[in-house]
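Take a look at the structures below.
In what follows, chain A forms one complex with chain B and a second complex with chain C.
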Partner chain A sequence: MMEFPKDIDIPLDVWVDGIMEWVLATFGGFFDLLGTGILYLLLHTESFFLWLPWPILVFGVGILAWRVMGSWLAGLGMAGMLFFVGALGLWDLGMMTLALVVASVIVSLAIGLPLGIAMASSDTFQAIIKPILDGMQTMPSFVYLIPALMLFGLGKVPALFATIIYAVPPVIRLTNVGIREVSANVIEAAHAFGSSYWQILFKIQMPLARPTILVGINQTTMMALAMVVIASMIGAKGLGLEVLLAINRIEVGRGFEAGLCIVFMAIIIDRITFSMASRKKK
Partner chain B sequence: MEKIVIEGLYKIFGPHPEEAMRMVRQGRSKDEIMEKTRHGLGVVDASFVVNAGEIFVVMGLSGSGKSTLVRCLNRLIEPTAGRVIVNGEDVTRLGKRALRQFRQKHFGMVFQNFALFPHRSVLRNVEYGLEVQGVDATTRHEAAMKVLKQVGLKGWEESMPDQLSGGMQQRVGLARALALDADIMLMDEAFSALDPLIRRDMQDELIDLQEKVQKTIVFISHDLDEAIKLGDRIVLMKDGRLVQQGTAEEILTNPADDYVARFVEGVDMSKVVTAETIMKKSDTMAYMKTDGPKAALRKMEKAGISSLFVGEGGRLKGIVTARACRKAADRGEKSLADILDTEIHMVTLDTPANELFPLLADSPHPIAVVGDDGHLKGVIVAGSLLAKLSEVSRNESGNGNSSESGS
Partner chain C sequence: MKRIKRGMFAALVTLAAVGLLFGTSPAADKPTVIFGDYGWDSIQVNNRIAAFIIENGLGYPVKYVQGETIMLNTALIQAKGGEAPNVNMESWEENWQELYDEGLAKGKDPDTDEGFVNLGSNFPNSVQGWYVPRYVVEGDAERGIQPMAPDLKSVFDLPKYWKLFQDPEDPSKGRFYSCLPGWACAQVNKEKFKAYDLEEYYNIMQPGSNPALAGSMVTAYKRGNPWLGYYWAPTWVLGKLDMLQLEEPAFDQEIWDTTKACAYPAVKCDILVHKSLPEKAPDVVAFLKNYGTTLDINNKFLAYMQDNEASTEEAAAWFLKKYEDLWTGWVPANVAAKVKAAMK
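Coming up: the complex of A and B.
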């Protein structure tokens, strides 16, 4: 057997640490500002969901599910699952988790849609972004927690930051694909009638890419929910934290309750957004 | 009036067309250039003029560069060299913004695959061009409704394109182009995807519509019958080059080379050859007032014919035969009135040959070909009609044979 020479040892870890220190020293103020902004958005979302009377949300979800899924049974089921979360005594924690998901989806869309559009209009840009997205998605999600922690300290902000990084790739990718899939003939016709870039984008490409983009939003939402649970390790309150505590104390029943609530919320969000995406515009 | 002038237009596909351009100018072939430079020839040295108000057909087999050519007119494809002058303005020099405005104002385009916007209703498809120009909602709604009525789609405004048949979809395509009220229509194989019956209807409707709207139409087709039917003038393309241009009849009766001749084969000549081509030019005739049987006889002898048309006050009245004239002269009659046969057929210069056959079968006399003013231009006898048609078709098969032995 031949051992790999010990002398060859690229100190990538040292470099990355160095870069992080440099980033912190140089852009510390910027990240503070960014953190404050994110916190502001998050706190408002959270207080909204905590303020929202539970019957309104349960009914609202039921009716929305009934409308988009086209079956009152589905509406009843979705409302029932949400009611169950409250019935287990986890309503407030559930709302905190939901707020974190909603806030990170909002930021993800604000970043992802323009990036996807830019990617669709430039092959060079696509070639640059694609491997980065691949990396973001294959990197174990825990890895994001560390730099987020260093940049923003413990708490909700790094949790949200890590969630966004993990959840944003699908919406970028599918916006890009959706726009690129629009038939070249149709684009040519739009050009022939003297349309500008923005007119083609908003009148032709975006409406035709809409179903694909909605699938991207659905995936982003699901990934955000998955990450939010993990992000509780660095201090985001919510159902994830409940699971974490249950693991630490080996309380199987408590962990099961919180886990079940996460599953229910995932089903509700997924079914509703997926139905919105696949619903044919009448 | 010259509407579109194309001067020395080239399109070479590929990132570095310079070398290919040099080879084209040396007269190398498409395949050779492709092999040496990996650049494709789209259009080679095209020059022609399209007049205002005419239907100008660009014809060629697939891959001949005709679709590329028409896209060079509105720069959906950027020409490599040459000039495209529309209404006196050089389109190739326009900046991005000016080009967009120029397209909005001057070019309506209809596509082979319809290329309708699938997410928009029929009405919103037709409104699109005006919407892009920033025209207000009421005006564009009115304009769209008007053209939808013109193309026979009233009542379908709210349908989605995928709910319509192919023929109806292309009517939407046509309406979308007409709604702009641009002065030029570019029609890229507009009817090729339709089945033959519907295609014929659409051709007829286009001709009717053209009489009303009087656009300048550049029509791309691979179908010679369509080209003949629609085209005021036709240009034939092969491997990116213009092979021949002219009226349908000029191309059919006098093909420039083997390629055109082969293309032209299979067209029913009797539909395109007109009375003017077949007739024997003649203005010899007798006049009721001044000529008697003897004078008529003398004219016939001189011209070497056996019957003579008789006119009065510039209009054709009938015909007299040599036989009847001789008998009348023997009887001592002074007037042609008694022997005049008024049962004659008159046709105009542009009557197609296939309409002449029944007329000839119907009457023992030759057919008179008259101009718009009613004056005699020439005569057609059964013999000359058949001779002319066989001559034209012999030309064709002759060319066809020589090309076969050549290849």
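Coming up: the complex of A and C.
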């Protein structure tokens, strides 16, 4: 057996620590500002969902599900699941979680769509971004929780930050793929008619890529929801925190309740957005 | 279809606009005292006791922030943003010694805004050690459990009984559930193993999280199985399960400093506040310096919670009623009067 030579030792940890300290010292003010902006978005999303009367949301989800899935039974099922969350006494926590997920998805789209478009239009850019996306999806989230905490302080903002790191790659990838899959013949025809780059992008590529992009949004939402327990470790309130507290006290039933609510919310969001993506345009 | 969509969009926008009206918080002239609401019951009750006195007696707004232990402690040192805790009522600093040392050093360094100061102990006499369920030694007639190790009294009896605690992943040895990686006791247990000559009989298992450690103990207890490992009090787990602490030679500083072949000293369970708090809220800090409970009191309110299925708030209220003589000594008489008025 050959041992790896001990003399080869890259002090990556020291470098990373150094960079982190430098970033904190140099860009601290910038991150404070960014944090304030994100917090503003988050607080208002949250107070909106907490303010939203529950019957409106339950019926709204029921009707929406019925319309997009084309079956009243599905609508009834979705509304029933949401009602069940309230019946377990976890409505407010559920809304906090939903607010975090919605805010994460909004920010993810704001970052992801332009990046995806840029990736589709440049092979070099695609080659650079792809490994970064791989890293974002596979790097264990505990690794960046503490840096997120150092940059943004405790609470909702670092939670959103950590959620976005994990959840943004699908929308970037699928926007890229969707646009690249648009048939070259169609683009050529558009060129022949004298269309500009932006006209081709917004009038041809984006509409044709729409189903693929919607699948990306669907995936992003699901991944954001999967992060809620991790997010609660750095102070995000909601169902994730309920799970964390239940685990800390080994209260299996309480953890299951909160966990089941997360599952139901995932099913509701997934089925509705997926149906929207796969539905033929009328 | 399009019309419905547009209608829905309009409705959502209206709702969002109404939502914007909420979410503003009233400005307060006194700084908010933010308690780190760590994931165990005793600290949450201590938080609520202190918070009740601070809110009603001293007139500061209070808040609790939840999260994972290391995250909360990191945030306590940094005190960045409106959600960072500025009080930790039970430090248990040996579980995060490295970060603690760093935070304490920063607290003394005038060139940085980070760091905390230690205000002294909350309760001085917590216990830690090696435990087995009592039924392992004495049996439990009610549950029909025969004594499995009738002669197991001290750590020196452990070699005889390794088979009882057999490690399923390595059947040639027993399994000892030790501390989490990063806790000071993980290293201490390792040294004790050497000092007590247990290495050839037992493997040390390090669980990845506190719930995993407590969970292994609770599961074994519920099924009436043998379990051997490290734990500490006051905790709801040791309040709930009838565990027997294995005897060790009495604590002796000299032995502790060399081989560690003696019992653990009490865990340090101090009150920490962010370094800016003494300046911003001197009366709160003065109160927290006086704040002090005992292991016995903590066990009592934990038992009260257990017996009455009480919330942490209710347990705090129970404490304030029951131990009036104790807490009135922590604050000036006029403050105590305000708190008493608020209790009614």
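Here, the second predicted complex is superposed on the first by the 275 of 282 C-alpha atoms of A that agree within 3 Å, B and C clash if a C-alpha of one lies under 4 Å from a C-alpha of the other, contacts with A are read in each partner's own complex, and residues count from 1 in each chain.
Just so it is clear, a contact is a pair of C-beta atoms (placed from the backbone, for glycine too) under 8 Å apart; a residue touches a chain by one contact, two chains touch by 3 or more.
Not measured: the values here are computed from a predicted model.
Q: Do chain B and chain C fit side by side on chain A after the overlay, or clash?
A: fit
Q: Once chain A of both complexes is superposed, is A:I247 in touch with chain B (first), chain C (second), both, or neither?
A: After superposing on A, A:I247 lies in contact with chain C but is clear of chain B.
Q: Tell me the contact category for A:H191 with respect to chain B and chain C: first, second, both or neither.
A: In the superposition, A:H191 contacts chain B only.
Q: What is the contact status of A:I234 with respect to chain B (first) and chain C (second): first, second, both, or neither?
A: After superposing on A, A:I234 lies in contact with chain C but is clear of chain B.
Q: Give one of first, second, both or neither to describe whether A:M139 is in contact with chain B, with chain C, with both, or with none.
A: Neither partner.
Q: Applying the document's definition of touch, where does A:Q199 land relative to chain B and chain C: first, second, both, or neither?
A: Only chain B; A:Q199 stays clear of chain C.
Q: Once chain A of both complexes is superposed, is A:L208 in touch with chain B (first), chain C (second), both, or neither?
A: A:L208 contacts chain B only, not chain C.
Q: Who contacts more of chain A, chain B or chain C?
A: The partner making contact with more of chain A's residues is C.
Q: Could you tell me if A:R67 is touching chain B, chain C, both of them or neither one (first, second, both, neither)?
A: In the superposition, A:R67 touches chain C alone.
Q: Please work out how little space separates the C-alpha atoms of chain B and chain C at their nearest point after superposition, in whole Å.
A: 17
Q: Quick check on the complex: what are the chain A residues that touch chain C?
A: 32, 35, 43-52, 56, 64, 67, 145-146, 149-150, 152-157, 232-235, 237, 241, 244-245, 247-250, 282
Q: Quick check on the complex: what are the chain B residues that touch chain A?
A: Interface residues on the chain B side: 74, 76, 99-105, 107, 109, 111, 113, 115-119, 128-129, 131-133, 176, 180, 186.
Q: With touch defined as at the start, can you tell me which chain C residues reach chain A in the complex?
A: 1, 4, 8, 15-16, 18-20, 22-23, 39-41, 65-68, 70-72, 74-75, 78, 80-85, 210-211, 214-215, 218, 236-237
Q: State the interface residues of chain A toward chain B in the complex, per the touch definition above.
A: The contact residues of chain A facing chain B are 183, 185-186, 188-196, 199, 203-204, 207-208, 281.
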